[in-house]
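Two complexes come next, and they have one chain in common, subunit A, joined by subunit B in the first and subunit C in the second.
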Partner chain A sequence: MLPKFSYVRPDKLAQAVKHLETDKAVIHAGGTDLLGCLRERIMDGDLLVSLGGLKGLAGIKETADGGLSIGALTTITEVSENRLVRDKYPGLAQGAAEVASPQLRNQGTLGGNLCQKPRCWYFRGEFHCLRKGGGLCFAIKGENQFHAIFGHDKICAITHPSDTAPVLVALNASVDVVGPAVNRSIAVEDLHVPPAEDVRAETVLKRGEIITRITIPAPAPNLYSSYRKIRARRSWDFALAGAALAFAMDGDRVSRANVVLSGAAPVPWRSTAMEEVLSGSTLTAETIFRAARAAVAEARPLAGNQYKVEMFRGMLEEELRKVGKGGEV
Partner chain B sequence: MTTKDKIYYREGLPVPETPDPENSPEFWRQTDVVGKPLPRVDAYERVSGTAVYPSDILLPNMIYGAMLRSPHPNAKVKGIDTSAAEKMDGVRAIITGQSAEAKNVKWKYRDQQVPLFASHCRFEGEAVAAVAADTRYQAADAARAIKVDYEILDFAVDYEHALDASAAKVGGKGNLLNEERYGRGDLDKGFAEADVVLEETYRTPCELHTPMEPHGCVANWERDRLTVWESSQGVYAVQSRIAEALDLPLSKVRAVGHYMGGGFGSKLWPGKYTVLCCLLAKKTARPVKMMLSREETYLCVGNRPASTMRIKAGVKKDGTLTALEFDCSGPSGAYPAGGVQLVDWLVRDLYRCANVRTSSKDILINAGPARPFRAPGHPQGAWALEQMVDALAEKIDMDPVALRLKNIPLESQAREGAPPYTTTGLRQCLERGAEQFDWRESIKRINGHNGRDNHLKRGIGVGACLWIAGDGGPPSTVIIKLYKDGSVNLNMGASDIGTGTKTVMAQVAAEELGVHPSVIQIEHADTATTQFATPSGGSKTVPTEAPTVRNAAISLKQALITMAAEDLKVDRDELNYIGDEIVWSGDDSKKIRITELSTLQKRGEVIGVGYRGPNPEDKVVNPFAAQFCELEVNTLSGEIRILRFLGAHDSGRVLNRLTFDNQVYGGIVMGVGLGLTENRQLDENQTGKLCNRNWHDYKLPTALDVPLVMSSLPIELDDPESNNTGAKGLGEPVTIPTAAAIANALYMATGVRFTRAPVTPMAVIRELSKKEKG
Partner chain C sequence: MSKDDQDNRHCEGYTRRGFIQFIGVGAGVVGASLISQPFNGPVLANEDDQVLPAASMVKVRLKINGNRYEVLAEPRWSLLYVLREIIGQTGTKLGCDRGECGACTVLIDDLPRYACLTLAVEVENREITTVEGLMNGEELGPVQTAFAENDAFQCGYCTPGQVMAVEGLLRKVESPSADEIRSGCSGNLCRCGAYQNIFAAADQAARLKKS
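Up next, the complex of A and B:
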């Protein structure tokens, strides 16, 4: 059952910010998860601030340097289907296409996708867990087959649920944020908060702050980008293991590799170990083997998710084999 | 009149001969309406949203009920404080175990009688209090505001360790609820005769019923008469359980369930919530609606219990099965609910085997009690047996289809006296199924494919089954009314649980009466206005009700012939009912239109009453099936893609090809859930609570998980002994061999025997890396 709440739909950004400064105000963008969060009482909101009345927060346009600026209210469907996105960053289009189900993609927004609440069943269920202000992360010793193998620090083992965030991190994207004090720009890589820093927060956004645009710099020369996602069922599910690749290619040599994993950690997980193996290398079978191993070398699996180590390794091998082959093996 | 009624009758097509009142009808040799792929009679209502489900009922002054349930799997209620809740806006009644209206009310889990509110809650979700308020929100808020002082106890939720000495005791006594044993022949001798003996332990998960419409009801009292609209598979079961719980005569309880949004066995009877809804309605003197949330249904109103099955089997080199030994265990939940019911039945009865021994342990755990789940026990048993048969075939270097064909039974060996089946379609299901699936060529193709250096591996697999029931039988009573304009009303108590029962019954009546199915109006599933019927379950609704409808139609035709004899002044034995007219055999110009019969015109209507006759003596009526699967496994990522499925089903005569195929496809989809995705996860080591209580965490297969191509191959064998329509049950066999066929295909693809369902990408990766490491 939903709790009682009020609903406002301001038409000025400043008004929205003002509303959001009040205690227990929450943003309503696509709303695909907001109502669920309220119903399950994992979010204590009594004022829903709709962004639906704001002009100019949707749509995709090219920037002066040849990158893209995507409005935060652009639907996931539009991101996945937009020609500019598909031409410049196929990986982002793939990531968007892997989100949830068609209905949810039609309604959900890119900004909302970056700010999702975790899907951990303890967090979502009737468990007073650490992230909700309780004293314990139930996943560390509980049923953790879907949980993190990196970055949990035995504090909180959620995996970040977004499929677009890993790609945006790999593409060096940033978000424009409007807020009560100053407007700022944050690299997507710095947007999410690891549990060791603050177990109650998913993003660095402060009260009253709204993501307005997502900016992606111009594609690197000969950019290869991709996103791959494995899930327990083939639709309407979050990643068991996923990977965003963004490679600047020089012939068959990877001059610069960005690798960001999903389903791996409480935040989109940059695999610097794998990037180091790949950057400057040609993708021989041996490099692929070493790179995939390197990606999981530092994994800290829990009792129920050891399989993720092998799954990431296998999936990354498969993904690396596709590079330079038009996405086919 | 003579021309106006023409639109009601089919023209130029003969109707079946009307037997004399003392004779049984002939088996239909050919049919005109029966068997045709007619769209559902209520398709428009269902699709347009005008069909009124219990969730849609809205009565004047209706208020809403909500329940407070134990959040702990094992806890004693030490005290309940409702004072805050009582003062909340809109709250009209709160009932707890201390309330006068509930104190003496009992509920039954099988033969165990318990108070409506137990002071010791044995599972998460057990009822603690119920509230009625003006709105759903007020009721839910008030339930949350009730303060309960629980003494939290240790729990046992893992049935595989619930019999350990250290395990918490669910009911105060031991957790072994029951152990059943079965045996025939000499097992040692059987294993001694075998050339190959294999042993393996298989496991299936607990699956949760997920009907589209959750459980729930609306209750309304008119003075001392109670009406309950329940989302149910059987209104008479609702009537009797409520009458018993509230100590009311049956005549004072009316249960209605015209439409219902799926049940799969979990709605064969009402729940505590139904009784509480009735009590709240009485206390508030208002109609009360109480629909459960999805979370509540996942906790409280049933599941397919998990199972652990050790199977040992012996086979000769020529494929003769010599011995089957089977030990299984599974949990009823917190109360007796048939935790291992029928899990061993396929081992006992599917294949010819002289030496069989089984044991089944039903275990108590602190979790929601089971309820029947589409083909109780059978898909679990098939998961073990059908994989074992495949493993044996490999060991003796025999084709798995051929090994099954070698062991086809013609009698039910597990029943007393080994009575024969009226028909055993298993051979045809396997042979014709394999032929249409292109089984042999597919193996060659796949061997070639898998020989290449590629991480995408393919496999095909087969699974076979029978279903213990599907025969139907008495009791059933159906009334068919013919109005004076020639239109027809068919009145039966059975529920249409989404399978197309109403459509099929209209076809049977139309076949006999010679009218168009569209002029038949069906009244059903209402204890006040229709006839007694058992709940729609056990794949028995068609074989129970269709013969009864046929008998009712014949009884109507006999009554009309008697009336025609009076009007035409000839002997009734010399008259033939040919649809729109009754004609004298002496001279076909001497005839009368049905709608001109003087008695019909005088009375306004004529009725025919049909009763379900007995099943054949000393013979068994069971449906059989074989399903075939092709899939692809990504050995790097663990992903499985099902490419195609074929269901070859012997369920006797096909009464409607569309509803038949719907069942086959639906059963396969559900079996995919068991094989690949579904699993109730309890927080075993910490709280004992349910982890996956929503549709994200409890993974039903989606459109992308089900086979790209599904085909249905009916194996229509004439079965005149089964009943007067020759139709056997279908709704359950369709989901029995599915998961096992998938597992067998996975073995061909990967060389790994996946003994534990569901086989998720996680399981594939775990097993493949185990294999790699040796």
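Up next, the complex of A and C:
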């Protein structure tokens, strides 16, 4: 049974923001992550503010510049199946299709997917670790075979759990945020917080702030986008290693490469090293080899996850060989 | 007597009697006490922008298998809990209670979802379909028939959830490919490992539904 909480379903955004000013108020979108966190006492929630009554947060619309604006309450299933998403950004449709299970995709929303809590087993278990306000990360010297190989700074080694965030970062997407003070727009790239900045926070959102829409700029000329996720089984599972690619192509030359890794780091991990090798190059066997090697050169694996380094390298090579070949190797 | 006390007495009366209205087809009334623990808080309707306090009961209007129910629920109660413990429809199973096994799969507006991760107050007036709703009167429906004919279970505990996942898949895709069947069933675990027969049942169910 869940702990007791009050519940409100406002029909106006301003009301929702106001309710969220209450101490220990939390946002309920699809509830697929939130209810689990409340049940395991990972989060306190005295008041659940349901977004279900806010009609403006639904739906996928084309923007004036030819991009897309996706309401935060759009379900993951809708994102993966939507015609506009599939035509413009196949990588986003692929990322959404890789999330969880059909049931969870039918209920979970895109906004919730970006704001979900990490899956570190100590964090989800009964360990009062650093991220929960304790004094120690149990994973850095403990069981860390599914933890981060990048960006943990030996502070907290969660891997960011979202399969849509890496693609949205690669596509230069941003989130529109409504809050008690100002309304603002935040690049998805800046939404998540590295442990070195604040180990307690998953996102930069402040109390009372709600993501209303996710905006993706018009696709770059000849955009190639994809998402690949390696996982231990085909039923629901989080990424062991994943990669979102968004390449602006000029013939067989990559004019601009965006590469963002999942299952890799505490935040969606932008591989600038790999982007530098690729941008301006044609994808010869030699470039592909160098690019994948550059991506893993900065890896700092822990005792139990050395295997991920080779997994990323091999997977990235495979993904680069698909570019320009209609997704086939 | 204070106003609060009056409210409480009023509510206690309701809950002791077991508050449920059954407005749908048929005259069957689900009887007995619906709320096992004594309840002393207010009873409220779930209206937009009304804060329902944690210690309150909410009148929740549910549409299950075409019938309308009005039940009293705490804001924190899952649809699964309300189906099984309040309404008494136990076809939908409790497995993990955390969105990981699929035993509690129901359809909400034709889409499979986990009833354990769905708050009852969130699905008011939506079309809820449970395994009980797939019967053709006293006969099994097509998906159920296909499961029986293909031996698609051993212990049977996961079966209602598997059946609902397949039903949901077939409402969306008339003739699913082998891959679509695997993906459609991927949110439902079977400890007995009856997967091959479950996939065969899904395939036959697609044909039965069309015939």
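In this text, the second predicted complex is superposed on the first by the 328 of 329 C-alpha atoms of A that agree within 3 Å, B and C clash if a C-alpha of one lies under 4 Å from a C-alpha of the other, contacts with A are read in each partner's own complex, and residues count from 1 in each chain.
We take it that contacts are C-beta pairs under 8 Å (C-beta built on N, C-alpha and C of every residue); 3 or more make two chains touch, one makes a residue touch a chain.
Keep in mind the model is a prediction, meaning the values are calculated, not measured.
A.B. asks: Just subunit B (first), just subunit C (second), both, or neither: which does A:235 touch?
C.D. replies: both
A.B. asks: Kindly classify A:14 by the partners it touches after superposition: subunit B alone (first), subunit C alone (second), both, or neither?
C.D. replies: neither
A.B. asks: Applying the touch criterion given at the start, work out whether A:318 contacts subunit B, subunit C, both or neither, answering first, second, both or neither.
C.D. replies: Once the two structures are laid over each other on A, A:318 reaches subunit B alone.
A.B. asks: Looking at A:106 after the superposition, I want to know if it touches subunit B, subunit C, both of them or none. Which is it: first, second, both, neither?
C.D. replies: The answer is second: A:106 touches subunit C but not subunit B.
A.B. asks: Counting only touches as set out at the top, which of subunit B and subunit C does A:1 meet: first, second, both, neither?
C.D. replies: Both: A:1 reaches subunit B and subunit C.
A.B. asks: Which partner chains sit in contact with A:297 here, subunit B, subunit C, both or neither? Use first/second/both/neither.
C.D. replies: After superposing on A, A:297 lies clear of both subunit B and subunit C.
A.B. asks: Scan A:53 for contacts with subunit B and subunit C and give back first, second, both or neither.
C.D. replies: It touches subunit C, and subunit B stays clear.
A.B. asks: Where does A:187 make contact in the superposed view: on subunit B (first), on subunit C (second), on both, or on neither?
C.D. replies: Once the two structures are laid over each other on A, A:187 reaches no partner at all.
A.B. asks: By the touch definition above, which subunit A residues appear in both interfaces, subunit B in one complex and subunit C in the other?
C.D. replies: Shared contact residues on subunit A: 1-2, 4, 101, 234-236.
A.B. asks: Mind listing the subunit B positions that touch subunit A in their complex?
C.D. replies: 71, 136-137, 140-141, 455, 634-639, 641, 676-677, 681-687, 689-694, 696-697, 699-705, 760-762, 765-766, 768-769
A.B. asks: Using the touch rule from the top, collect the residues of subunit A that touch subunit C in their complex.
C.D. replies: 1-12, 15, 19, 28, 31-32, 35-36, 39, 46-48, 50, 52-53, 77, 100-104, 106-107, 234-236
A.B. asks: Of all residues in subunit A, which touch subunit B in the complex?
C.D. replies: Residues 1-2, 4, 101, 119, 121-122, 124-127, 138, 141-143, 145, 230-238, 240-241, 306-307, 310-311, 314-315, 317-318, 329.
A.B. asks: In their complex, what parts of subunit C are in touch with subunit A?
C.D. replies: Where subunit C meets subunit A, its residues are 46, 48-56, 58, 74-76, 78, 81, 97-100, 102, 105, 108, 111-114, 117-119, 121-122, 165, 168-169, 182-184, 186-189.
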